[in-house]
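Presented sequentially are two complexes of subunit A, the first with subunit B as partner and the second with subunit C.
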Partner chain A sequence: MSRDGIRSFSLSDFDVDGAVRESLSRLPGHTRAGFLRRAAGAGAAVAGGFALRPGTAGARAGGSSGDIGILNYALSLEYLQASFYTEAERMGALQGALAHQAQVVGAHERDHVKAFKAVLGSAAIKQPSFDFHGVTANPDAFRSTAVAFEDLATAAYKGQAPNIQSATYLAAALAVHSVEARHAAWIRRLAGFLPAAQAFDDPLDAPRVIDIVNSTHFVTLQAPDTSAGTSPGFTG
Partner chain B sequence: MSQQGTLQDEQGSGGLVRLSRGALLSRSLVVLGAIGGSALGAADLAASSGSQSGSGPSPARDQEILNLALLMARLQAAFYADALRAGRLTGESHQYADVVGKQEQAHVQYLAAALGPAANQSPRFHFGDATSDPTRFIATAVSLETTSLEVYNGQAVNLTPTTLAAAARIVSVEARHAAWARALAGQDPAPAAVDVPISVNQAKSVIAPFIG
Partner chain C sequence: MLWVVAGVIISAAVAALLSFRGLPSSTKERGRPSGSESAYTLTALPSAFTAQRPLPLIDATGATRWAPVLHAAAARRAPSFQSAVVARLANHTGDGTANILVADAEAEHQGVLWERVRLAVLPNGTQGWVPRSSLGGWTFVDTRLVIDRARLTATLLRAGRVVFRAPVAVGAPGTPTPSGQFYVRDRLSGFSNPMYGPLAFGTNARSPTLTDWPQGGVVGIHGTDRPSLIPGRVSHGCIRLKNAAIVRLGRLMPVGTPVTIT
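Up next is the complex of A and B:
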């Protein structure tokens, strides 16, 4: 079931092939994976409300509820990546430069998770369950999925940066954003792609990012709330 | 590389001390603890470095920052062009200079167009053996690309949202360049979980030897 999703996702080379991105964005959403929706809902609302509005010059002072949504959205992406690299390390199928990349980058992504969780405190969303469908045990599949994840994360952070109201949170998000770009360059080189394929990196908005993540079927269950049980019907 | 270490060291404690006076103390400290102080440093650097033009982003401030970005892009474009002319690069280093040089040239054109008549004149650059010695070339590329992304990160909080969105399309490309150059230097492309921002003055001190 998930094979097509994985293959499509692996091929989603955002930097060089807008056509793939387009087709990915048209894939039907995977409703069982409500992951990201709650977090991104807030981010998207902010995007609609504030995006690129001139005259918000002095607004970056404290955090806002929109910022919390964006930070949770970031946390969701970091959960996804951290779990991916952690599992890949545990599977032990990677060797040499690829194993080293997974180890170093995985540690960064886990640090990002810790950081956003610490900042969000009790407002942090919980980690969902993931099923990477064997991608983490296959070096070729790992490599191309990692390329897609890192380019996706770079584009996702870029899409939210102008919406962040708090200067502190903006600085934090940007300090992570450029590291995601470094990760992308790193794994692209190991995959035989140009580390920097074009002069300008495009942003992706939250709905597109969510569509792409859902299309992979990597997210199997939203983190259970205390009462959620195993119901797939996520409504948050 | 050693330069980077120095910059990080300079910044760690300074950022902490100054922001502790801010109204966002408690949250900032959480961010500081969580992200290793660098994010906090960025907000603080930004707040302190532009105080003469008032607090918060403005079109005038956008121009100032974009002019610095233009200077960095011009410097890098000239650096790569000079290295290619010198003809000592081979293999992936040559490919790097060719690909990245074109991208820096695209940044120059974009930033110059965005600034229009507000764009500063370009100074003259000279690179000595940084463009003729392949080892020096890669080390200098790492330094320039890293400086570029770090000063973007430091100044981003001073930009208006529209300009920030545009700058963000460039900063991640600079980060990719820095990562690629580090790989060519035999280093991990991403040495830390966060990129420590630097101030305008720190960036200017890095590029000063190549100007004039």
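Up next is the complex of A and C:
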């Protein structure tokens, strides 16, 4: 727990139902920490702008615990991005090209979420609550954060792609990865950065990605509890 | 000599590419569905997903936003720590639920981001400014409840479309239901007081007459044990619906929904 009731998070906070942890624990010959280290070159992250094709992905998701864990890891990142763009669009503080970017990319990220959830079914982790601390209401802060998110997502997908076990997931992952890279180039241009700053991009492993997201304090534990079983004290 | 080497390399590369595109069907299976031709073999890999058209938000900026109070704070008349305090805010309501606030404007003053919020105090309609840092993350709702005291109806709209309508009872002449812009603050169920029916919503509206009521005379939206009085002007300020109607409304109306009482 940190300042002002804002809590930093870890994998376990994303992983509300323990689906990721359970998947990681089932991996033969690897501890969870070992797996996370291995995630730099092992595992898979997938999906985006898609809907489940019955009979392929579902069966695959049920058959590979490693893939399920990594799919949920990717879903967590997509939850974060989708919520960020959706909130920015709803706040209405963005104008012109930046507003257009948020509208288009937000729709993509929401589709990514839908696709992951469709594939994972009941194994999908639940969406955590987010608190973007005013970033979505400030165009400059939004722009900077969007650059960071898109660069991060691109590196995160790249970090998982080499280890995808399922060919169908590989195809989907590559499709999503290139879209995230296009998002990154788009927002980098709007932010005044070179869209492609270097000839080669580095991947990021899961622990590094989680540390980076953690440092933002954007993820909160649970939605506020607005329901109760107490008898009303209303006037009647 | 150099050009010759380069030419050989390019030729070899082209030959390899052509050779790859001409692989036997059994070898191509992973990369290309039968009967389909593609310039990029990779795109023809059987994907776990089928592409859908991304959908934009409906009425993106028409939604209402709310956030919980994270810790005790003061709501001020203007967005400044030097401004007068309008109300003190706790992080929980008298019902034990999270104290949520609906915001409709933002301002920055001396590097602090402020939110203008609707308050649960008299006089009804009072607003105040709270630091953004006192609040948690936003939740957005696209519903709106309209209580028509003349026609004695409750109408719920979602993204501008009517999704619910039912007759209601409102305050008697001596204990009127206040008019104005309010919001649903919490949701109570599972209690055993039949007077409120099976479900009750708390609002930030306050009775202007029953000010000594517990919790200050909260105007609620709830069921009833006297359905024959609906529609009518019989309550102590609350909005009563028949039990079947409040249950139906409960499936449609999230907390944070703005309530317009005309």
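Odds and ends about this structure:
Here is the rule we go by: the second predicted complex is superposed on the first by the 158 of 236 C-alpha atoms of A that agree within 3 Å, B and C clash if a C-alpha of one lies under 4 Å from a C-alpha of the other, contacts with A are read in each partner's own complex, and residues count from 1 in each chain.
Going forward, contacts are C-beta pairs under 8 Å (C-beta built on N, C-alpha and C of every residue); 3 or more make two chains touch, one makes a residue touch a chain.
Computed from a prediction, not measured in an experiment: that's the story for all the values here.
Of the two partner chains, subunit B is the only one touched by A:186; subunit C is not. In the superposition on chain A, A:161 makes contact with subunit B only, while subunit C stays out of contact range. Within the superposed three-chain model, A:178 lies in touch with subunit B and out of touch with subunit C [touch as defined at top].
Contacts of A:133 after superposition on the shared chain: subunit C is touched, whereas subunit B is not. In the overlay built on the shared chain, the residue A:199 is in contact with subunit B alone; subunit C does not reach it. Shared-chain residue A:220: touches subunit C; no touch with subunit B. Contacts of A:108 after superposition on the shared chain: both subunit B and subunit C are touched. By the touch criterion defined above, A:90 reaches subunit C but does not reach subunit B. The contact surfaces that subunit B and subunit C form on subunit A in the two complexes overlap at residues 50-53, 56-57, 60, 104, 107-108, 111, 114-115, 118-119, 166-172, 174-175.
Partner subunit A is touched in their complex by these residues of subunit C: 30, 42-43, 45-52, 54-57, 60-61, 63, 65, 68, 70-71, 94-98, 100, 106, 113, 132-133, 136-140, 175, 185-193, 195-196, 200, 202, 207, 210, 213-215, 217-220, 222, 235-238, 255-256.
Subunit A meets subunit B in the complex at residues 50-54, 56-63, 100, 104-105, 107-108, 111-112, 114-119, 121, 154, 158, 161-163, 166-172, 174-186, 189, 194-196, 198-203. Within the complex formed with subunit A, the subunit B residues making contact are 23-24, 27-28, 30-31, 33-36, 38-43, 46-47, 55-58, 99-100, 102-103, 106-107, 110, 149, 152-153, 156-157, 160-162, 164-165, 168-180, 183, 188-190, 192-197. For subunit A in complex with subunit C, the residues that touch the partner chain are 4-6, 46-53, 56-57, 60, 86-87, 89-92, 103-104, 106-108, 110-111, 114-115, 118-119, 129-134, 136-138, 166-172, 174-175, 220, 223-236.
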